[in-house]
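Across the two complexes that follow, subunit A remains constant while its partner is subunit B and subsequently subunit C.
Then we have the complex of A and B:
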């Protein structure tokens, strides 16, 4: 299967600052990919490079095997929903659908109509007077009715209240179930995406910290706790993602391909949220190794 | 038709939760041979979870021989887990209730009862294996 997004050393520089650097990814088709990271990490930059709105300063990017926005055919294959669901505030819902039909060769009018009915939107209502949740769902309708192979959504639920957030994700998951479309969506909160995503990319400080299928990440990361120990003395093949210590105990989040056999450790599973947070924390302040004065002390 | 639910903070992977719920329903006789499981699309939309998660659960159940997918129609229950023991549930439940009442009279609280049951259960299973 071809990759939906394939990058090699991809970077983007704005006025001397790298918004994205050294990004090498290969995202297989058929996934719902969560792109997570704090605000300003480079998520929107990566998505804009994928849609072709930005050109790379370094490296390469291919989307569905082609250069992003290479031509009308390529544009038709990618649906994009920018942050805050941009719509024409003065135009009624019906005109948005008409616009969609005119601008997209593969427009599925039947699907758009069914979705609008299901969402119970009034065709005559102006987009500017819709609720935040309705605006997001109208924008999603426009992005999906063009029948793309890849749907790119930038922070689609960030501005929605919890109920609208759940409804949006229900709607999106139904679309994925019906159309087998690949999805990449970004959020600064992994908890928003935990149920929806089966592939995760963690982006912090303009760099990809970890990327992979959720099942695989959960299977290879473990939480170890045991008598206090210097992380540097651990066997090879055990990569420490985060460590905290008290005077007697060490708690480590590690990545390893094999089982942890040392009986001194109590091994437990890690949830996706804890896993992602550990990578974010690691990026925020790299822990100096072998220096006990700097080891974090916790109760 | 059963309805799935997810415990967000349980730490159990969502696909496993779905499998447990089907097995549980089979064991309690809430699902019978020939019953249809909710459609993948509907479960995904209802719980806002990835359709692949639902598919994974259904594939696993199929592998266990409990359900079968009929392409284009849906997934149907083909096996049973009660092992013909459903009829025995009633009397056993009654005995258990009597035992629980006895345990309470002896002054055991909920946690002690659970701990006693779990440790006895484990010891008995170990004897079975040995």
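Then we have the complex of A and C:
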């Protein structure tokens, strides 16, 4: 499995504050990868490092095996839809397509035109007067018609209303379904990812909490409820992600490769949202960590 | 990239072309009348000393009435100063409106994330933008300058023929004339534009960057003739009599003697940078000779002790008779082009330095 983004001890410091520190991760190719985490987890910083907008203060990052934004060829391989879908407000839709055509040797004019037709955008309309959803769609057209190998989207739906959000993600799925493009998209809205992604990475405080294909994660995580007992007494091979207790009952989210056989537990499926939230909550709990430097800089 | 640069620059280019058209039409419409006045002034056929008188007459006519025009006042004086003013502020305008928003607007609106993620490096993006718009700024400013120089040629010739003191007779080294004629407009335009781009990149906000650009550029335009231009080339020195220097003695509180020369003997068209009173031994003199005090009191009347304006012939003669001469420091007329090249080169070098900084800063990625 090749990696589209690979980082090793990656860090970025702004005016003495670490926005991202000691981040080591590997994002596999051929997936629609959802990068989730709370605000301030370093998602945007990570993506800005991946697009080469920023240079690392520490560690390394490779995108498709190269230094980000190393040259025109590398830029051509990565499509980027930045947060809030920046467009030139004064330029009409047609000029944005011309911009794409002029600045990208691999520009697929036919694809861009088909997309704009399907979205029913008026070519003469200025980008500044488009709705949020239309802006995002136009920006996505620019990012995909250059025919990238990797498409990076930073909070693409955060500013959209629920309907536009659904349409955008649907459209994204159709677009990337047609070609073999890898996608990395960040969001703090987990429900969106459930719809779009087949691979999830939970990033909290620069750190990967859990990563894997969505079906695999859902298959190996279970919600157990039963009479109250000490989690430590569970059999080996069960990893407790979160636990809540009442006087008589315990509810545990566990990770296990095999089935849970203990008849004392009622086993139920867990949704992706609950799963992700459990990992985020786990990170928020004060727990002993190896990397103390990391704790200090976050404060 | 050339297409995008043009597309984003189109509106400004059209504005500049419109201003240029108005400028050219107004000057072209009045040029024939102006040269007609010159042709009928007798300056074409005059010889020797007669010329300076005719030139003075021509220029004062020009300053006081409008020739064939019925506009009150002198349209020529107004046109002359307005046109010079346009050339003087053109580099500031292009720096403020073309330079400052160039990067700042992209940063402000986030569109840099759109453009810098196309298959084009930032270096190439900036190279094309700086080159095309920078050359446009230089071309516009220089075109204003050439059109104005063509229009004002009769005035220039009359000043050259010795058309003494009128509102037009600021020489080629004048504060407003030197930086608006020859090749200096190219240097100022390049510098103003690069300054705007750089402040935009540093401040990252278009409006504050525009204000800062204007302030810095105005300061540079003020500082250059005062402290930089006189020293771009070694000055020449001469000591001569007060009369030969066309000098006036005046009195100030401290120092008490000031000598202001108006010509350098044998050096027509020289730019006088400083003139000081010196004694026979060549030492600077800062006080008026005691014997001249009564003469001074006579001319000053009740205002003695305070500052005095240009001295009378009596004061000049009295001071001269006590052996006080004038030491002049000047740039000879032959230094005009070397100074033009030096000043233009200096500003072009500054512009390139600023551009280099922009490239470095843009690729630093912080």
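The rule is short, and it goes like this: the second predicted complex is superposed on the first by the 282 of 299 C-alpha atoms of A that agree within 3 Å, B and C clash if a C-alpha of one lies under 4 Å from a C-alpha of the other, contacts with A are read in each partner's own complex, and residues count from 1 in each chain.
Following the convention adopted for this analysis, a contact is a pair of C-beta atoms (placed from the backbone, for glycine too) under 8 Å apart; a residue touches a chain by one contact, two chains touch by 3 or more.
Quick caveat, the model's predicted, so the values are computed rather than measured.
Visitor: Mind telling me which of the two, subunit B or subunit C, contacts the most residues of subunit A?
Guide: Greater contact footprint in residues on subunit A: C.
Visitor: Quick check on the superposed pair: does A:269 touch subunit B, subunit C, both, or neither? Answer first, second, both or neither.
Guide: first
Visitor: Which of the two partners, first being subunit B and second being subunit C, lies in contact with A:162: first, second, both, or neither?
Guide: So A:162 meets neither subunit B nor subunit C here.
Visitor: Mind working out whether A:171 is in touch with subunit B, subunit C, both or neither, as first, second, both or neither?
Guide: After superposition on chain A, A:171 lies in contact with subunit B alone.
Visitor: Touch check for A:196: first (subunit B), second (subunit C), both, or neither?
Guide: In the superposition, A:196 touches subunit B alone.
Visitor: By the touch definition at the top of the document, which applies to A:87: first (subunit B), second (subunit C), both, or neither?
Guide: second
Visitor: Quick one: which bits of subunit C touch subunit A in the complex? Just the residue numbers, please.
Guide: It is residues 1, 3-4, 7-8, 109-121, 124, 364-366 of subunit C that touch subunit A.
Visitor: Which of the residues in subunit A end up touching subunit B in this complex?
Guide: 30-32, 166, 169-174, 176-178, 194-198, 215, 218, 269, 271
Visitor: Across the complex, what residues on subunit A touch subunit C?
Guide: Touching subunit C: residues 14, 51-55, 69, 71-73, 75-76, 78-80, 82-84, 86-89, 91, 95, 98-100, 102-106, 139, 142-143, 146 of subunit A.
Visitor: Going by the contact rule set out above, which residues of subunit B touch subunit A in the complex?
Guide: Touch residues, subunit B against subunit A: 6, 8, 11, 13-14, 40-41, 44-53.
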